[in-house]
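Listed below are the structures to be examined.
Next, two complexes with subunit A in common: one pairs it with subunit B, the other with subunit C.
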Partner chain A sequence: MAITYEPIATTTLTTSASSVTFSSIGSGYTDLVLVINAAASTLANTGLRFNSDSGSNYSSTILAGNGSAAGSFRYSNATYGQINYYGYLETTRIVNQVVHIMNYSNSTTYKSYLGRANNSSNGTDATVGIWRNTNAITSVSFVLNTGTISSGSTFSLYGIAAA
Partner chain B sequence: MATYKKISTVTVGSGGASTIEFTSIPQTYTDLVIRISGRTDESGQGRSYFRWRFNSSASGYSYRWTYGYDGNVVNSVLDGPISTGLVALMNGASSTSNTFGNTEFYIPNYTGSQNKSLSVDGVTENNTSSIYMLSLSSSIWADTSAITSITLYAVNVGSANKFVEHTTATLYGIKNS
Partner chain C sequence: MGVYKLSANSVKNGRTIYGSMLAGNTAFLPTDFESIATVSVGSGGASNVEFTSIPSTFAHLQVRIMSLGSYAGNQSLSATYNNDTGSNYSSHWLTGNGSTASAGTTANDNIQYYGFGLWASEPVVSVIDILDYANTNKYKTMRCLTGLDRNGSGHVYLFSGSWRNTNAITSIKIAANSGNFNQYSHFALYGIKA
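Right after this comes the complex of A and B.
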């Protein structure tokens, strides 16, 4: 049977960190999936940077609900691709987020991603985002808008091959 | 090594079934995924729901649910702690014949010692101007036990409702190494 969903790397933080980066990602897959189980030193929004690009090249739209209200939220020309709105990290509870990065290794199109952020105390988010760059993605960094990622947080990167 | 692996599939047979159960779940994966294509026999309902319990536990479930349906504005509600997991979506008896809804559970770190957080996403379609829906929820089971069994209940625990024939539920395990 063809192998179509393969672990690339997993990181479990043993000390707090400002970011987590998966580098030297090969081009042998069709899509990437990043699974995040994390807490933070303070309430923190989460995002991705590709190939260490911290320019204002990311945009995202988030459908979000917190249990009493729902809406759509937009971030344009941001320095990272935001994943969450209500599904932010917090200090005492592990929050899970899953991000799918499609066609990451092509060198023709801007790169888009789909995300889900789940914080059962705060809300539910579904996100679509784009990185306005045609380069193949060779590294993915998980970043916060404030604070640090807590020790014990886990990050798993998978590759999906079309066949 | 392939790490997205089917653990078990349940296909509901003739006459339907009030529950779908996965037992003796291996503790060797990192995350679990359940994908369901289903429909209930709930009378008078185009959109129907099902509930779940982990390890047969009747406590500790909470959720925040965001949804949109029939072209209406999206809404969001919450509940908990309650005695069953909510909210999971599928078609009911009043929807177009042979139309089944789809729901996916993603359960990370199901063997860990933390409370179990999960996402449950579902859709129903009806090929009409109503009874279609998109459902996204964040749920938690406030229990530190490893998940060893999962039971899905048509509509509610103890109800007379059933999952109809041809409803399928597949449990997958994902391993990160």
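Right after this comes the complex of A and C.
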């Protein structure tokens, strides 16, 4: 059996950036997995945009815990698919986020993602989100609601193929 | 921004500053994650999806699901192993519905819950890990991240589950409590080597 979990691209920022984009993503996989280790110039929520769509076509539901309480939060008709609530980026501490983009290359269904965001100081999140668009995803952009992504932040995109 | 990596040699040689947050570590490159089988539901839909003759050559299994359905509601999604429909399954979950977090548990079930909901347009997506599935000396456990968002409603779940049976898992049947899986639903089984 073939190895089916393959790195597509990795980016390490050498200067700060407002976003990170993986483009020209082929359709040869079933799912995508984006692994993020990042900091930011200020406290910042994170999200994804697909195919450069900045319309109000995203929504997400988040389960979040901060060490003393659990809560749930929702973002509807958003311009990006939010990944975190407590697991936001900050200036000094490295935050880890992993996002599974499911069945990204079909052209018949809306695209959903599952995320985990982990900030060792603030809390941890589990997220489901949807992009209400049936197009195959060919680019994924990681964006912030404010500030910039710090130099040294790493982003790795993997593809998972089916049998 | 610099990233420091400290080791025993740091006392003598000083700390090392890295420009990358990998701090000199190599990126995670999983090389032993293999596709076992995939089911894409056809135009007729399917009442269930079953993976059979699962080899015992992996350490863990992962099932990745994108499912649509004919039942517009929050009925349960579940798995059974080795066609066992006895009262040998149990589950715990932590969930959020967009406004409230809650937790639940069930015991002595005849199915292994992994999610809720089945809608025509908005997929339920799930990543299920079945741990040490081929070990014949222990009960089998699973964990799952699953969710559904419908732009104003939906939920996300973290599941854990147990099948009180020491047999190696050789088949997995996935089904919804009500309705069928619609066309384009996609179920993929992977094996993870030790």
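The rule is simple: the second predicted complex is superposed on the first by the 162 of 163 C-alpha atoms of A that agree within 3 Å, B and C clash if a C-alpha of one lies under 4 Å from a C-alpha of the other, contacts with A are read in each partner's own complex, and residues count from 1 in each chain.
Assume a contact is a pair of C-beta atoms (placed from the backbone, for glycine too) under 8 Å apart; a residue touches a chain by one contact, two chains touch by 3 or more.
This is a predicted model, so every value here is computed, not measured.
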When subunit B and subunit C are modelled together on subunit A, clash or fit: clash
Subunit B versus subunit C as contact partner of A:Ser156, first or second or both or neither: both
Partner chain in contact with A:Ile94 - subunit B first, subunit C second, else both or neither: both
Touching partner for A:Pro7 - first (subunit B), second (subunit C), both, neither: both
First, second, both or neither for A:Asn119, with subunit B first and subunit C second: first
Partner chain(s) touched by A:Ile130 [first = subunit B, second = subunit C, both, neither]: second
Subunit B versus subunit C as contact partner of A:Ser68, first or second or both or neither: first
First (subunit B), second (subunit C), both or neither touched by A:Tyr110: second
Subunit B versus subunit C as contact partner of A:Ser54, first or second or both or neither: neither
Set intersection of subunit A contacts, subunit C complex versus subunit B complex: 1, 3-5, 7, 10, 35, 37, 63-65, 70-71, 94, 116, 126, 154, 156, 158
Subunit C residues touching subunit A - in the complex, by the definition given at the top: 1-3, 18-22, 27-38, 64-66, 68, 94-101, 121-127, 145-152, 154-158, 184, 186, 188, 190-191
Subunit C-facing residues of subunit A, complex: 1-5, 7, 10, 12, 14, 30-31, 35, 37-39, 59-65, 70-74, 76-77, 94, 100, 102-103, 106, 108-110, 112-114, 116, 126-130, 132, 150-154, 156, 158, 160-163
Subunit A residues touching subunit B - in the complex, by the definition given at the top: 1, 3-7, 10, 35, 37, 63-71, 86-87, 93-96, 98, 116, 118-124, 126, 154, 156, 158
Sites on subunit B touched by subunit A in the complex: 1-4, 30-31, 62-68, 73-78, 106, 108-109, 114-115, 117-119, 121, 136-140, 174-177
